[in-house]
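After this come two complexes, each holding subunit A, first together with subunit B and then together with subunit C.
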Partner chain A sequence: MIDFAAMTEGLRLLFGSWSPWLVMVPGLAVGLIFGAVPGLTTSMAMVICLPLTLYMDFLSAIIFLTSIFTGGGFGCAIPAILVNIPGMPGAVATTFDGYPMAQRGEHNEALGLGLMASTFAEALSYVILLLLVVPIAAFVLKLSSPEMLIVGLWGLTLIAALRGRHYTRGLLAGILGLLLGTIGFSARGDIRGTMGIDYLLDGIPEIPAMMGLFCAAELFKLMRLDYVVERAEARRVSLRRILAGARDTFRYPRLLLRGSLIGAFIGAVPGVGSSVANLLAYSEARRTAPDKERFGKGDPRGVVAAEAANSSSEGGSMATLLALGIPGGGATAIMLGAFAMHNITGGPRFIAENKPIVYAIIFSNLVQSIALMGIGILFIYLAGAIVKTPVRVLVPSIFAVSIFGCYAITGNIAGPVTFLVFTLIGWQMQRYDYPVAATVVGLLLAHLVEGEALRTYQLSGGDPAYLLERPIALVLLALLVLSLVWPLIARRFGLGFGRQFAADTGD
Partner chain B sequence: MPTRLFAWMLLLTTMAPGTSAAAQPYPAKPIRILASQPGAQVDFVARRIAPDLAERLGQPVVVDNRPGYIAVDIAAKAQPDGYTLAIYASSVWISVFLQKMPFDPVKDLAPITLATNAPLFLFTHPSLPVATVKDLIALAKARPGELNYGSSSTGTSNHLAGLLFKRMSGVDIVRIPYKGTGQAAMALVANQVQMIFGSAAAGMPQVKAGRLRVLGVGSSHRSLLAPEVPTISESGLPGYEAASLSCMWAPAGTPRAIITRLSREILRILNGTDTKEKFLRAGLETLATTPEQTAAYIKADMAKWEKIIKEKAIHSD
Partner chain C sequence: MKVGSYRVRVEGGHLAFVGAIAAFCVWYWLDARAASTNVQNLLLIQPAAFLALALCVAIAAGTVKADRPDASAEPPGAAPSARDGRGLVVAGLLVLYVAVLLYIGFEVATFAFLAGSMYALGERRPVFLVVFSGAFAGAMSYAFKFMLSVPVPTLLF
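Here is the complex of A and B:
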């Protein structure tokens, strides 16, 4: 699997010149900023920087782009933790426990946890890539619509976990999200629920809607406070506490590992992406915890699992790009564009023909994760100013930045309008105790689940026996069903989890 | 209402320099070319043309990326003064039959040139026992409803190419719509679908690695990109032609003299050997038509697709 001659050549490429190292730090910084500002995304940063890569050699160009990718993987966690607004859809689950920690004054620890989990997971995903790039790509080819449908359904079960205080309201909020997600063109080409508004033909813009829901929910709550963190002495940014958080990450090695693996796996599946990885990892962490009622109230484990998954999805998504030359998502599509700009053809033979470059890319990403640790801490210092900012300044600022971000996403007035409409919806939901997070999960997954359901139906010709031909789908389905009924079985037979479940439902 | 307000603001901002520019010879200020997402084919074409055009006109030429049809919509509603141009794929004029568009691609736009053609190749999975389009049609007729073709979203060139194939050959193949061409290509490599219509860039590397087979190209003549590949027309489906073109427009009502000037300069750029080579390496053939030829082509193409789309009621395909 490992070609040592090519590896040495790769190292020589990487260390033989300054240029790959010069672009790494700027790339990470750009990624952190674009990840952290709500409404700006990593793909957007990569697109904007794509023309710059023309002036770099091929290796530096790819390293620059992957640095942006890496920076964004942690950047999006910063606003998620500090103000409960995910910087990108990939950090939705990070808010669930990250923000309650910040409210308790543990934002330093939470950011440290997030940074360490991101760093570790990113590095791990590239180690996996180093060892298994070809098998991963071959495995991904075996996944088709039925498998992805089940992964999507698994993500939807998270809605039940996000129910808040009332079970039905959680469910209703989730269903609302799913229904909103069906607006626009269906995969079949039918137009639904656009109310005659042309802007909705492509569906509700997900990111502005998500920001609106989270933003409103939080900002209206914040307005009653003077500061995000109420205790003045807790507002300081402290390197000691960030590092303590970073160290704490390793108290949950299993969660860290599982989150990273889920992320790398989901990342490799085309068209799914880090937001699903982030949600699934969180939901798995919560589901398997013996004391799941602590999740959602500022449990470090939630932050670790969620942040590990969204960062490791980067390595996963590189697998199909490198091994097959097929991009699975927006960011890798832009990288393939950079390939073309340097007259390099991506494809199944890319790895065989460019082994040293592939090794150099992988090694540079290992270095990037270490560099991210340093730059990330500096960045936390800057971002930490958020908790020291009085709410009367903070709220309007976030509002303004969000509106600009939404305009940037859609390129027209539809973004800001969507944001405002969803701000109102989110505010009312919050007021009547409907969990907005459930709506966001529904909205993010609706497209995936519906599209895959339709494709499964078409590929199978409507014959359920088709599923029997797909062993991976059957295994996934069995696992899904088991994970749903396990608490019931466990309770019936008095196993460990059962008592927790009883406590969980008893309240 | 906010759109109108925005339009007014836009108008106000363009008005001040606009009045002074009227007295000066064209071009007196920077020109912008609207294109879709960065990295997309038309963006690549726009970015290739822009620097040369700037040099020839003596004014900066800026490529402005806006997602989807918004790029064309902005140009359609811009001042017809030659300072706002748009470049987009042929789907602009075919989409009018599929969805309500915020602009009329014939009435609101003045064509300048068809810049490039990205030939669509018909790729199949190697496990399918076919070597020619004729074999494929025979196989599909023997197994109606069993073969799937992958496409990206409704109304894209690869979807329409499949639809035309279905209509002209009379076979029953099932469309599986994916989110993008990448996913459709992946599904073909994995043999989830048995055929796709795709660009050279999407499929040829896979063909070289033996993961896909190419049966033909959808153009009227063999492609420079792969001269050994027959046209679909000669390989078993006479008269078949489907393409993915890029077209450049100015807003309707742009003075004749400006269109002529732009057309002259742009055609010179497109016909340069350097440009042709660069396009070819990116999987694009240079077309470079005059405004008249472009208008005539669009008219004929619209007539062809209107018939097919109305007949098949595509949106529920």
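Here is the complex of A and C:
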């Protein structure tokens, strides 16, 4: 399972030179900043910094990029907790309980919980990668289109079931996102729903749409307040309370471990990654809690589960990248670009031919996790100042930063216009209690779901019996059906969701 | 509206919103069919649009409530406050901001948007409005244009 000779060589590569260490702290800082500013993403930070890696050796370049990845993995939790805007899709579930904690004046504790959960989970995911890189890669290879389709749909139904008080509104919001996400060219070249607008041929720009939906949902609500946290004493940034939050993380060892394992596994599935991992971990935390009604109202367990999963998904996605050369998302795709820039070919042969480098990357990420703890606390101290800013200054500033960020993402006016349109849609969704997170997840998963549906159709020839030959697909399908009908079962037996379903249908 | 001994109440705004979603689903389904009726094109869109329409009908039915006049004297929901109007003003300013970005430049448009929205949200110190908006708009434009090499159109830089 572990090649000790290669591992020793990897450690020598890592500790034999200063250069891998010199890029780690700047990488973490860049990742934290880009993750923490709504509109800037880890992928954007990595793309901007990619040319710099030409001046580094391959190991330093990958360590620099993974440091940005690591910093961004936690950085996106900061706006999720403080202003309910996830810096990236991976922090959607962090908003569910992180922001209510901030509203209660427990933002320090929430940030501490998030940081420690991220640190621990990322370290654990790389330990798992160290031990299981070969078996994980073998299992992921077994997931074909039917399984991927079901995993994508499962992620969508979970968000509908989890967010908001109304199940039917959650489902409608998710399907609306799915439909919006299919606008543009189809796989066979048909043009759908573009209204003749060229900018929409490649689909709706996802990040500006996501930012608009989330900005609207919260910023318009914030306008009724003077401060994000109304009580002056609750707006203080306290190192002591951040550390207390970090310590509290270990009060939930099972959640921490389960969230980390879910994140590592889901992260290894290409195209799914942290955006589904954090939702799944949150769902599991809530499902297994005896007092599940406390979730969504500022329960620390929700923050721990979501942050553990989104951070550990980094290790999972690195496993797929290193073992198969398949990028799980934007960040790992950029890393694959760095491979090419250094004339290194990613793919199944990469590990076999570069075992010492793989071990060096894994060990450097273990060190990054520890470094993130220190740098993250310093960064939280600065970012926590957001709650001290009056809403009348904060809200217009976030809108302006988002407009700049959206322009940077698309490179044209399509980004700001998309942001504006989805801000107005999100405003109305929030007004009538539709979960915008469901629409965002639908939008993000639409390409995956449509592509895998198409491949499944082609593989099966349209025969549903094809699924009977795939036991993993059957298990996943059973879970999907269960998550769909669960609210009806709960209603029948008087469990939580029944009342919510009834509220929608007027029963 | 009263029907027998029941008072019928319709959540008009919500009904209009659900109607807009339903209208989008129908239009998108028809547009996709117009592009191609091949199963590969409609594999996801058609069932998703039908399911969305069914959900719209279920939710729309829920927006019509019938209750006895003495059952609830007032419909639920908070009374509108003066602060609710702020959202409309800021939304209007945001529309204007995006509309003029390319014509007057990011730094000038951002300055005007920041100053206008902060004023609408209650900031009344003129020096702060001008200095903060100017510094923020200038810093953002400079950082994106010269540090991140994002070609944001500007008027002054």
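A few remarks follow.
Heads up, the rule we're going with is that the second predicted complex is superposed on the first by the 467 of 507 C-alpha atoms of A that agree within 3 Å, B and C clash if a C-alpha of one lies under 4 Å from a C-alpha of the other, contacts with A are read in each partner's own complex, and residues count from 1 in each chain.
We adopt the following convention: a contact is a pair of C-beta atoms (placed from the backbone, for glycine too) under 8 Å apart; a residue touches a chain by one contact, two chains touch by 3 or more.
A quick note: this is a predicted structure, and the numbers were derived from the prediction, not measured.
In the superposition on chain A, A:I403 makes contact with subunit C only, not with subunit B.
By the document's definition of touching, both partners, subunit B and subunit C, reach A:A187. Within the superposed three-chain model, A:T320 lies in touch with subunit B and out of touch with subunit C [touch as defined at top]. Contact with subunit B, but none with subunit C, is seen for A:R349 once the two complexes are overlaid on the shared chain. Looking at the shared chain after the overlay, A:R392 reaches subunit C, while subunit B stays out of its contact range.
When the two complexes are overlaid on their common chain A, residue A:L420 makes contact with subunit C while staying clear of subunit B. In the overlay built on the shared chain, the residue A:I175 is in contact with subunit C alone; subunit B does not reach it. When the two complexes are overlaid on their common chain A, residue A:G411 makes contact with subunit B and with subunit C alike. Note: residues 48, 187-188, 190-191, 411, 413, 417, 454 of subunit A belong to the subunit B contact set and to the subunit C contact set alike, using the contact criterion stated above.
Every residue of subunit A that touches subunit C in the complex is listed here, in rising order: 48, 168-169, 171-172, 175-176, 178-179, 182-183, 186-188, 190-193, 220, 223-224, 226, 390-393, 395-397, 399-401, 403-404, 407-408, 411, 413, 416-417, 419-420, 423-424, 427-428, 431-432, 446, 449-450, 453-454, 457, 462, 503-506. Within the complex, the subunit B residues that touch subunit A are 2-3, 6, 37-39, 47, 65-68, 70, 98-102, 145, 148, 153-155, 174-180, 182-183, 185-187, 189-190, 192, 201, 205-206, 208-209, 211, 281-282, 314-317. The part of subunit A that touches subunit B in the complex is made up of residues 47-48, 50-51, 140-142, 144-145, 185, 187-191, 198, 201-202, 270-271, 320, 324-328, 333-334, 337, 340, 343, 345-350, 410-413, 417, 451, 454-455, 458-459, 461. Those residues of subunit C that touch subunit A in the complex are listed here as 13-14, 17, 21, 24-25, 28, 31-32, 35-36, 38-41, 43-45, 48-49, 51-52, 55-56, 58-59, 61-65, 81, 83-84, 86-87, 90-91, 94-95, 97-98, 101-102, 106, 110, 113-114, 117-118, 121-123, 132, 136-137, 140, 144, 148, 150-152.
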